[in-house]
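Got some structures for you, see below.
In the two complexes below, subunit A is the common chain; its partner is subunit B in one and subunit C in the other.
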Partner chain A sequence: MSLLDVKNLRVRYDGPRGPVWAVDQLSFELSAGELVALVGESGSGKSTTALALLGLVPISGGTIETGELWYEGRNLLTLSEGEWAKVRASEIALVFQDAASALNPYLTIGLQISEVLETHRGLSRRDARKEAARALGDVGLPDPEAKLANYPHELSGGQRQRALLAMALVAKPRVIVADEPTSALDPALGLHVLELLERERKTRGAGVVLVSHDLELVAAHADRTYVLYAGRVVEHASARELFAAPWHPYTAALWRARARLDGERPRRLAAVPGNPVDLANLPAGCAFHPRCELARERCRSERPELSGVLRSDARMSLSAARRAACFEKESLALERPLESEP
Partner chain B sequence: MIGFLRRRAVGLVLTVWIVVTCAFAMMRIVPGGPFSEERKLPAAVLANVEARYHLDWPLWRQYLQYVGPLNLDEHGLFGDRERVFGGVLAGDLGPSFRYRDYTVNQILAESLPLSLALGSLALAWAVVLGGAIGVAAAACRGTKLDLALRLGAALGIALPNFVVAGLLVLVFALTLGWSPIAGSTSFAHFVLPSLALGAPVAAYVARLVRSGLVEALQADWVRTAVAKGLPYRTVVLRHGLRAGLLPTVSYLGPASAGVLTGSLVIERIFALPGAGSHFVASALSRDYTLALGVTIVYSVLIYSLNSLVDFVYTRLDPRIALEEL
Partner chain C sequence: MSALVEFVDLVVRFRERGGARELTAVDGVTLALERGGALALVGESGSGKTTLARALLGLVPITGGSIRFGGRELGALTAAERRAVSRRIGVVFQDPFASLDPRMSVAELLAEPLAIHGISDVREQRARSFALLEAVGLSTHDIVRHPHEFSGGQRQRIAIARALALEPELLVLDEPTSALDVSVQAQILNLLASLRERLGLAYLFITHDLGLVHQMCDSIAVLYFGRLVETNRVASFFREPLHPYARALLALARREADARERIVAAEAPSPFALPTGCSFHPRCPRRAEGGGRCEGERPPLLELALPSRASVACHLRAPTAVSDAGNPR
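Up next, the complex of A and B:
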C-alpha cells in the first residue's frame, strides 16, 4: 500500500500568452519510508507538483484540471481549504527551496516554528517553544534556545535552511516534500540536509519526495526516480537502474551535462544542450524532439507513451516497474552494458 | 534609543530654523503688508504703527529680533529693556498684527488644544475604521465585498469634506437629532466634526492598508504560512499585516500633522474655535507673526510625527535598527 498515490495530475496556469500545462498526466506513488525523487530542469513541472501535494496550486495562481491525490484513503484534491489546513505540515509538509524568502523576516524563528505546533498539536505557547528548540537542535543548529529569539536575517544562509527544515519536520509529518532543499547551500551543508531527511524516513518511516535538478544527488539518495520533462514523466526507474543506464535520451543528456561539469568547470550549472522547453509553445509529438539526437520523423508527430520494454532480455529482468516515454528506448536500453550490476 | 532622540532633537531644531528663515523671507518678498489691506491709513499713522512693530527696521534686524538671539527690544540694542517681544528662542512668538490685543502665544493656546483634540479623535476614527475596512477588503480581495469597500473608499477620497460634513449634519443632527448641530461645549459636539475631518483619512488608510496587505500576501513567506496549515486569519493578521502596514504608517505621519492642526472648513461648519482657520487667515491678512507661528507649530508636528513613523518602522520591521536612523 502506498502512502501517497498521485494519479493523472494535470495543472494549468493561465498566463499572458494563454494557458500552459505545467504538469500533465503525471502519476507517481510514494511508500512509507521511501525516498522518491522528481528530477528535471526548471519548467519540467517538478516544483508545481510539489505545490500540488500541499494543495497550494490555487494560491499560486494555477488550476488543477484533473487528477487524484490519495492519502490514507482520501482523495486530498476534493478537500476544502479548511480540511487542507489540517493536513498541511501535520500530515504532509513542504520544505521550500529558498529559506531567505520562505521565512517571514518580521517574525522570530521561535514563533514561526512553534505556531505549527500550536495549530496542529494544540500545545501551549511555552510547550511549543520547548519543542521548537528541540527541533532546531535536531537539525544541528548550535544553541537552539537562543535561536528562538532570532529573526531570520540574524542567521546565516545555512542556518536559515535548517531552521526551515526544522519547521517542516517539527510536527512529524508522514510525508515530507522537499523542493530543491540543497540548491542554495554549499555541498557539505547540502549533504547534511539530505542526511536529516534520510534520518526522518529511517527512524520513523516518513516518506520523502525530493524535488531536484541534480541527477547525481538523486541517484545517491533516492530509492526511485521520476524524470520529468515538460510536465510529464519521461522516465521512471530505481536509482540503481538509472545510475546504470538511462533509457530516455533526456535522462542521458542530464547525465552527460553532469559528467561534463565534473571535468573542467565544476561551478557551472548543469545544462542540457538546446533551448529549455517553452510550455506555451509545446512541440508536437515528443516534447523533447527539438533537442534530441535520436529524433526520427515519427517523434515529431506522435507522442510516445510511458511504457516498459517489451523484449525479454536477461538484462531487463530487474526492470519490471521501469518505464520510459521514448520510441527509441529499447536501443538505448541495450546500447550499454549494466556495468554497475553485481 | 537615547541616541535616536538626541539626533532627532538636533534635526528638529535645524529644520525649524530653516523653515522659519525661509517662511520669513517668503512672506516679506510677497508685496503688501499687514496694514495695507484695510482702509487706507494716513501716512503718519501708518508710520507710527509700523514703527511699533519694527516694520521700519531693516529686514536683517527684524529677522534677528524675531528669532531672538540678540534680545533686541523696542528701544534698540541697549535700550531700557522694556521688551515687547523676546523672540522665538525665548518661546515668544510675538504680538499678532491682526488681533491687536493678543499675542500669537495666546491665540495658539486658545485654539490649538481644541484642534489637537478634534484631530486626535478624527485620527482614531480614521485608523480604526480605515484599517478594519482595508484588512477586510484585502482578506476577501476580488469579491463583491472588496469591490464595494473600494468604491466606498474612493468616494471618501473624492468627496470634499464640506459635503461629508453637510451630509452628516443633515442625517445625524437635523433628521435623527442624535447630535448637536454645532458648537464645542461637550464631547457630543466633537463626534460629527471629527468624523467629517477623519473621513478622507480613513478612506486613504483603507486604500493603503488594502493595497499594502494585498501585496504583502503575495510574499513567499505567506505561502509558507499557508503551507504550514495555519488558519487564514493567522496568515493574514500575523504573516501579512506587518509588512502590509508599512505604507500606511508612512502616510499617517504627514497626514496626522495636517489633521491635528485643524481644518478651516470643518471649523466654520461646526462653529469650532480651532487653529485651522488661522492657517489660512493669517497668510491672507499678512499677519506675519501669526503666520510664522502656525508654520512653526506645523513644522514641529511634521518633524516629530515623521520621527515617530521611523520609530514605529523599527518596531514593525526587525531588520531596521533604531541606531542607524
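Up next, the complex of A and C:
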C-alpha cells in the first residue's frame, strides 16, 4: 500500500503571457520508508509538485485543475485550508533550501520548535523546551541548549537549515518533502542531512520525496526516481536502473553532460543543446524534441505516452515498473548501458 | 611560464560587525597563478576562497602580505594604475540574474565596459559588441533585448561577454555554473574552455564543484579556515589528494561509501574560536597518529619532492616533504 498516491495532477498558473501548466497529468507513488526522487530542471514541475503535496499551490497563485492526492484513505485535495494546516503540522512536512525564509525572524529557535511540540504533541512548556534542545542536538547543532535562545539570523546558514529540519522532524511526519535540502550546504553537512532523513525512514517508516536537480545525489540516495520535463514524468525507474541505462534521451543526455570526477577528462563535455523548456511556449509533440538527437517527424507532432518497453528477456522483466515517454525508447533500452554503475 | 597573479603571505582580517571579535579570513596564503593557467580555489563556506579573490579585485582591504599582478605589487600602485590593472581582470559571478542590471539592454550592458576601456565611438562599440556576442554563442539580434528575455544560461553568456569586453588576461569565475540548470552547465563550461584556448586567458575559479575542477583546471588550492592546506596539480589531486581534509572533500563528492569516516564532525568549528594546532584536527580521522602535534602545533605548508611540486600542510605528511613552500609561522 502506498503512503502517498498522486494521480493525474494538473496545476495551472496564469501569467502575463497566458496560462501555463507547471504540472500536467503527473502521477506518482511513495511507500512507507521509501525515498523517491523527483528530478528535473527549471520548468520541470518538480517544485510545483512539492507545493501541491503541502497544499500550498493556491497560496503560490496556482490552481489545481485536476488530480487526486491520496494519503491515509483521504484525498487531500478536497481538504479545507484549516484541515491542510493540520496535515502540514504533523503529517507531511516540508524541508527546503531557503531556511532563512521558512523561520520566523522575530522568534527564537527554541520558541518556534517548542510551539510545534506544545500544539501537536501536547507537551508542557518545560518538556517542550527539553525536547526542542534534544531535537537540535539530534540534527548535529553544537551546544543545542544555548541555540534555543538564538534568533534565526544568529545562526549560520547551515545551522538554520538544520534548525528547520529539527522543527520539521519533531512532529514525526509520515511524509517528508525535501526540496533541494543539501544544495546550500557544505558537503559534509549535506551528507549529515541525508543520513538524518535515512534514519527517519529506517526507524519509523517515514517516506521521503526528494526534489532535486542533482543527478549524482539522486543516483546515490534514491530508491526510485521520476524524471520530469515540462511538467510531465518522462521516465520512471529505480535510481540504479535509471542511470545505468536510461530509456529517455533526456535522462541520458543529462547523465552524459556531467563533469566527471574520474578518468580522462574529455576535451569538451557532452552538452545538451538548446535551452531549458519555456512553459509559456511549449513545442508541439514531445516537449524535449527540439533538444533531442533522436527526434523524428512523429516526435514533432505527437506526444509520447509514458509506457513500458515490450520485451521479454531477463533484463527487461526485472524492470516491470519502468516507464518512459519516448517513441524511440526501445532502441535506447536495447543499447548498452552508459556505464556500469552510477 | 611566468606568474600572472601571486599572493604572498596574504592576510585579510575582518572585524565582526558591531562586535569586538576579529576574524582572520585569509591567513598567510602564498599562491601563484601562471599566465594562461586555470587554478581552482576550493573549500567550505568560510574557507576564505571568496575573500582571496575579492582581495585580488581590490574589494577588501589587505591586512598583511601582498598581491602581485603581472609582476607588479598592487599595494604600491597609484589609484590610476590600480584601475588599469583592474581592467585586465574580468569577473563572472554565480548568479546571472543578480549580476546584470535588468533595465539595461544587452547593447548598454556591453557598451559600459567598452566605454571604460576607452572605446566611446558608438559604431565601434556596436562592432565590438557583435563580436563579443558571437564569441559567447549569442546572436547579434540579441543586442536589443533585456536580461529578463533570456534564460539563465544565456544570461551567463552575456555576463561572460561583459567580462571579456575589457580584453582581460584573467577571468575570476565565482561559481559560474552553480545557479544554472544541469543541462546548461556543460554548455557554459565548454564555452569557457574554448575561450581560454582562443584568447589565452587565465582562469581563477572559486568553486565547491570538484567535477568542474576536474574538467576545467590545471591546478587546485584547498583552503581551510583561511589557510592553504594543499596545492596540487589537478591530475595528481584526483589520483591522490594529500591532505586528510582534501581526501574527505573528494570522498564526499564521489559519494564514496566511507566518506563519513573521512571527516569526523560534519559541523566546522566557529571561525571565532579556531582549534589550536592544525585547524582541521577536531574533524580529522587521523589525528591520533600525530602524537599530539596535530593538537599542539600548526603544520607549515611544505612542498613535496619534484616532479609534483605539490604542497601540503599536515604533520602526517611532513616526513616526505623536502622544502618549505612559504607560509611559515
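One rule holds for everything that comes next: the second predicted complex is superposed on the first by the 321 of 342 C-alpha atoms of A that agree within 3 Å, B and C clash if a C-alpha of one lies under 4 Å from a C-alpha of the other, contacts with A are read in each partner's own complex, and residues count from 1 in each chain.
As a working rule, a contact is a pair of C-beta atoms (placed from the backbone, for glycine too) under 8 Å apart; a residue touches a chain by one contact, two chains touch by 3 or more.
All of these numbers come straight from a predicted model, not from anything done at the bench.
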Partner chain in contact with A:G157 - subunit B first, subunit C second, else both or neither: second
Partner chain in contact with A:R88 - subunit B first, subunit C second, else both or neither: first
Touched partner set for A:A321, first subunit B, second subunit C, both or neither: neither
Touching partner for A:A280 - first (subunit B), second (subunit C), both, neither: neither
A:A146 touches, of subunit B and subunit C: first, second, both or neither? neither
Which superposed partner A:A102 touches (first subunit B, second subunit C, both, neither): first
Which partner, subunit B or subunit C, touches more subunit A residues: C
Overlap of subunit C and subunit B interfaces on subunit A (superposed complexes): none
Partner subunit B, residues of subunit A touching it in the complex: 54, 56, 59-60, 81, 84-90, 93-94, 96, 98, 101-107, 115-116, 119-120, 151, 153, 167
For the subunit B and subunit A complex, residues of the former touching the latter: 219-232, 234, 238-239, 242-243, 316-319
Subunit C-facing residues of subunit A, complex: 41-42, 140-142, 156-158, 186-192, 195, 213-217, 220, 253-254, 257-262, 265-273, 275-276, 278, 291
Sites on subunit C touched by subunit A in the complex: 44-45, 151-154, 181-187, 189-190, 193-194, 208-212, 214-216, 238, 248-250, 252-255, 259-260, 263, 265-268, 283
